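First chain A sits with chain B, and in the next complex the same chain sits with chain C.
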Partner chain A sequence: MANPTMTLIASYTVGSGGVSSVGFSSIPATYTDLLLKASIASSVYGEWTDNGFTLNGSNGPDITLYGTGSGAGTTADSGTDIRVQGSKATSGTFASYDIYIPNYTSSNPKSISWDGVTENNSTTALTNIGVSKITTGAVTSLSWSAGSGNFIQYTTLYLYGISNS
Partner chain B sequence: MTAGATYVPIATQTLGSAVSTVTFSSIPSTYTDLILVFTGSVSAGTGTNFTLNGDTGANYSLTYIYGSGSSAGSGRGSNQSNAGYEYMPTANAIHTNITHFMNYANTNTYKTILMRLNGSTVQASAQANLWRSTAAITSIALSAPSANWNTGSQFTLYGIAAA
Partner chain C sequence: MADTPQAVEVNCETGVVTTRDLTADEIAAQAVAAQAAADQKAAAEAEAAKVAADKAAAQAKLAALGLTADEIAALSK
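And then the complex of A and B:
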């Protein structure tokens, strides 16, 4: 039997003052898939982080399915838009996201998926799933930019590698 | 750092040539759950499916929710002869699928399957399947009817152990 695999590659926690983008570089090519777990919030209400998620500096078209508690909807955009919680909505609340990037060392386009929630005890809460196609080679870096705001203090990201051998 | 005995790779298949069916067999019963990760494409538009333990009886059902970017909806099917898998209407379009087989080796319960389907230019979707069998899952056969899984498509089966 192969060894257990879900290995923490790197983590990042935003300090006081916030930052406009978070991410990782020099991602090793020693795994099969990547899993990013994020607890993340923006200084801007209901931030969609337009075009903000990139692999090797590239983004791509995305589709999101969401539920607000009063209805369900879907959106399509040209550039990997992932909604995160705005700290102005409810102080101290952070969106939670799992972002899965399979076969990330392949030269083929990447079909990434995410599951996220932005629950905040109000009607602006959002549960969503999404997918984006990003055309790039082997992934060596990922970045998530906050659009018009900043990612606030205590935003944390954990990047795991999952190996199939 | 390893996060305990999770995501143990059982088998992986990276296709060196196009095939219509990919099979995982002799799956051990030593884990709690299974996770099947797929990324790849098909040679022609099709609705893919899978069968468990070779069962082609009317023992499968499913419920799904989807968003295409322009419309959102939900649907279901009962008494199916196979389990619905990734909807892949466009040849060579890249898809990702992450499927959880819950309590797959329990011989007292029917098997519930939770799925995230990701057609990168088609839809974001979530699905629940049910296989009405108390048999432990020992094989999974994934089919692309009237098409092939393209060369380079990758399927990996992981075992998830109880904490």
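And then the complex of A and C:
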């Protein structure tokens, strides 16, 4: 009988001063899928900012569907960019994200997906659903970059391994 | 904030956390990516502003022709 499990592989919480990027390396190949859960915010100015995401150092084209409550739209990028809130958002608020990476040990291109919300307290929130196709081999590392700024203190990332059997 | 941007890497096998300064190439690549994102955002905002302005101009012209506000609103439903 199948016994699916979700196992914490590693986590990281950003300390004082922030960091430009957070990566996980030597990811074990013992799971079916990967799930990265994040509470995350950037020092880059803006209610939201694009933040580059890579698998094995590679990214790929993405499409994001977003909604603000008063409108909706789509964006497309040549590289995998996942929006989190920037320094214009209310201090102390963080974006909440799930990034799912299925079949990460496969040699085929990876179709990853994410959903999350950038939060600006009671004034603005941006809901995002995105997908990206990243052509790379078995995933052994991943990284998320804050672009021209830093991920701020208390940003936290949890990397889980999902086993379907 | 550190003078040089720093990257953190968590080794999932050992649990060791490594912090290092970004290389010049990485910093340059980040600047290019940030500019591209800013350009894309500006273009999207300009397009949205143009659509809003065109809509307002069209509504004004319809009103000048004698349409009521309800009749104008009905056109977009």
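Remarks
By our rule, the second predicted complex is superposed on the first by the 151 of 165 C-alpha atoms of A that agree within 3 Å, B and C clash if a C-alpha of one lies under 4 Å from a C-alpha of the other, contacts with A are read in each partner's own complex, and residues count from 1 in each chain.
As a working rule, contacts are C-beta pairs under 8 Å (C-beta built on N, C-alpha and C of every residue); 3 or more make two chains touch, one makes a residue touch a chain.
Predicted model, so just to flag it, every value in this text is computed and none were measured.
In the superposition on chain A, A:Thr156 contacts neither chain B nor chain C. Touch criterion not met for A:Ser58: it reaches neither chain B nor chain C.
Contact with both chain B and chain C is seen for A:Thr75 once the two complexes are overlaid on the shared chain.
Of the two partner chains placed around the shared chain by superposition, chain B is the only one that A:Leu8 touches, whereas chain C remains out of contact.
Of the two partner chains, chain B is the only one touched by A:Ser106; chain C is not. Once the two complexes are overlaid on the shared chain, A:Ser132 sits against chain B while remaining clear of chain C.
Look at A:Ser39: by the touch rule set out above, it reaches neither chain B nor chain C.
Of the two partner chains, chain B is the only one that A:Asn164 touches; chain C does not reach it. Applying the stated contact rule after C-alpha superposition, one finds that A:Val19 touches chain C and leaves chain B untouched.
The interface of chain A with chain B overlaps its interface with chain C at residues 73, 75.
On the chain B side of its complex with chain A, the touching residues are 1-9, 12, 37-39, 65-72, 94-96, 98, 116, 118-126, 152, 154, 156, 158, 161.
Here chain A touches chain B in the complex through residues 1-8, 32-33, 60-61, 63-66, 72-76, 100, 102-103, 106, 108-113, 115, 129-133, 160, 162-165, going by the rule given at the top. Put simply, chain A touches chain C in their complex at residues 9-12, 14, 17-28, 43-44, 46, 49-50, 52, 73, 75, 77, 79, 81, 143, 145, 147-148, 150, 159. Chain C contributes residues 1-2, 5-15, 17, 19, 22, 30-31, 33-34, 37, 40-41, 44 to its touches with chain A in the complex.
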